[in-house]
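Let me begin by handing over the structure; questions about it come next.
As written, the chain order gives the labels A, B, C and D, with residue 1 at the start of each chain.
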Amino acid sequence: MSTSYGAAFALMRESASQAWRAYTRHAFVEGLKDGSLSREAFLHYLRQDYVFLIHFSRAWALAVVKSETHGEMRAAVATVNALVAEEMQLHIGICEAAGISQEDLFATTERAENLAYTRFVLEAGYSGDLLDLLAALAPCVMGYGEIGQRLASEASSQTYADWIGTYAGDDYQEACKAVGILLDNALERRLGKDFTTSPRWPRLCKTFETATELEVGFWQMGLTP
Amino acid sequence: MSTSYGAAFALMRESASQAWRAYTRHAFVEGLKDGSLSREAFLHYLRQDYVFLIHFSRAWALAVVKSETHGEMRAAVATVNALVAEEMQLHIGICEAAGISQEDLFATTERAENLAYTRFVLEAGYSGDLLDLLAALAPCVMGYGEIGQRLASEASSQTYADWIGTYAGDDYQEACKAVGILLDNALERRLGKDFTTSPRWPRLCKTFETATELEVGFWQMGLTP
Amino acid sequence: MSTSYGAAFALMRESASQAWRAYTRHAFVEGLKDGSLSREAFLHYLRQDYVFLIHFSRAWALAVVKSETHGEMRAAVATVNALVAEEMQLHIGICEAAGISQEDLFATTERAENLAYTRFVLEAGYSGDLLDLLAALAPCVMGYGEIGQRLASEASSQTYADWIGTYAGDDYQEACKAVGILLDNALERRLGKDFTTSPRWPRLCKTFETATELEVGFWQMGLTP
Amino acid sequence: MSTSYGAAFALMRESASQAWRAYTRHAFVEGLKDGSLSREAFLHYLRQDYVFLIHFSRAWALAVVKSETHGEMRAAVATVNALVAEEMQLHIGICEAAGISQEDLFATTERAENLAYTRFVLEAGYSGDLLDLLAALAPCVMGYGEIGQRLASEASSQTYADWIGTYAGDDYQEACKAVGILLDNALERRLGKDFTTSPRWPRLCKTFETATELEVGFWQMGLTP
């Protein structure tokens, strides 16, 4: 199913297949699927994810700065806007509904596993070009899309149906496709049509893999409030 | 009238009063006011301004990356979105109406006076924090606001009424006020309520002044197609 | 003893006293002191530390980029040069003497605890100004100086005498003092003589504390080859 | 003769041949050759060049941050060190000998043509990867090497023999060759052996050309104290 997120993503995902499986089939994810994940762990995850979103949005804003074409700028701006103007507000609402006040949410202490991930992404973007940044951003965007799709058809419990619905929903799936197109086009523009033959390709795949491993660490943190 | 754009801007403007006057009362501006500006110069300016907008939008996206609070992020994202999703599109439309095709517009060769300005702003932002960046961004935002307001009441010709109307209009004036609030709050957060007593204040005023001088250079370039 | 590394460091250290103790008195450090640290753990640490040094040197080079005065530039350049032209070479030699070939050393897989630390430092530097960067760099520089000094007088074993000697030695101690002066001067230049009254001070202390906690994580990683 | 500075430089130079000629054969350069350049213009140039060196050194430090290999790091660090620890000191000495006190030198007001150049280089480096940065750095490094070599054999006056000797000298020529090797290797690492077939190549040549044009602007500024 992942092929719908573009050619480059499909190849990167395959190159990091072991880490990708560990990420998208993590015990935390399976707990969302069958409803066995404790509420405490879920709320803990939500709070950390809010802090994550702040820095992830900053990283997407950096993608605007690193853009070289109108298309790249527009795609990155659309993502930043969706994250900051919508998703972060949505997150505050979800947390409030779950009993976490905005004040409480804002006071969340960032965990090391969380910090490691976002700083890795931001640094990859600052030190490299748009490709390095997109390779680090893709696992989170597309992984959640893939998890959402799978859980929408496999979930055996309604407990986390809202969460699943968000990522399985059309809006999110469209966003994944748009990022896939952005990634494919950005690669072609910088490395040519045969981008997998570029000496940069294995390093981009390595960045993708490291970000995927940091996703595994994030889920693991989610299990240990 | 500039006081409506916030306390810090009013002080920075005063500290750079000579350059500010040279910028906001430039012959190019007076030519817009009385309609004496040649159409050739205006179209040349529009084309260069489009290239300017690209890099200026990137600089505002960098302000999102450099934000430390939700308020800062939201304010900067709103500006990026207005610039990329609206103003750049608007600009393409204005140029097309003026006989400059999109293809032609995109092929504009960036002039040195243009490049100098945007790279100065971006570098100030990359090397410094949000304050350094905002001090470099403010002259363009607020200067156009001030020019728009003045010309709306003083213009003796209808030739450039559309241009004047854009910057005198409520949308743009509100944007200037929002940037003024962002600047005041960002200063208070980082340097305290008495921000003018901070050793950084004169350097921030110097950055503001340099950006203002680069605006003068931009108008001057506008007069020499 | 830490007061010899400057006024700001002494205050930051105090503000993060719990984390600082956990860092400078970590089981790994005590194992270096009494020789109980396994050779396997030490070699594992050396290899990770080599990867760390690469990114730490890059972060010090960023301090050159972010410098505003000649003094700041010269101090930062001296550190970069000492790290890249000397310490990294020294490290290769130490590893070779310990049986880790250069080829093997260069192939070290960066651990997440290692990556988290250096990316945090680099991102703090990229997103902020020189102060944010120095606050993130200080715990490593000065902590090793303090550990070296203490172990030089308290060590009950000769096993890790070379390592201890490096950081207790005059060259390293002088480097710590120079960084202390750089930090004090950089603070005074940007926040004034009463820099602890600036609203930025608690955030700089927080950055220092986070970096200190990441040092704890680094030692912990050292114990788990 | 320029081929001794590496394969990529020779190609970039050729792709920007018109701008390259305007730069390396500029009236300012010819005035250095036959001694007709006024002392006032030369001292004015020296002062601006000092400010230039500060930012150029920062840009080379950014090349350390953007390095991906030990070789890249070492080459960039050597350049930073030569610039900050030696050339900047040398410059202060030359200016003092010419009657410009250190205090006076440090108070030099940066001209727009100067600012435009260094901010362009720094921004290219911040926004891109090491290749974008090196393409922007190369014209200054190699152009001075080429001018020095030519004037050493063609000069008809001793007036500016010291200046010519510096850039014609072995130390400087070796530095040019080292940068040529760094550029060739960095290109091969990122774009492959056939780097000129990469879609990035024309954009890198364009960056090189823009930097060359900014050198022309710098000489022009030199003629107008």
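Following the convention adopted for this analysis, a residue touches a chain if its C-beta (ideal position, glycine included) is under 8 Å from a C-beta of that chain, and two chains touch if they have at least 3 such contacts.
These numbers were taken from a predicted model, which means no experiment stands behind them.
For chain A, the chain with the farthest CA centroid is D. Here A-C and A-B are compared, and the pair linked by more C-beta contacts is A-B.
Separating the centre of chain B from that of chain C, both taken as means of CA atoms, is a distance of 42 Å.
In terms of their C-alpha centroids, the spacing between chain A and chain C amounts to 32 Å. Centre-to-centre spacing of chain A and chain B amounts to 34 Å, using the average Cα coordinate of each chain.
Looking at chain C, residues 58, 65, 122, 126-127 sit in touch with two or more other chains. Touching chain C in their complex are the following residues of chain D: 54, 57-59, 61-62, 64-65, 67, 70, 73-74, 76-78, 80-81, 84-85, 88, 106, 122. By the touch criterion stated above, chain C contacts chain A in their complex at residues 58, 112-113, 115-116, 119-120, 122-123, 126-127, 210, 213-214, 217. The part of chain B that touches chain C in the complex is made up of residues 65-66, 126-129, 132, 188-192, 197-200.
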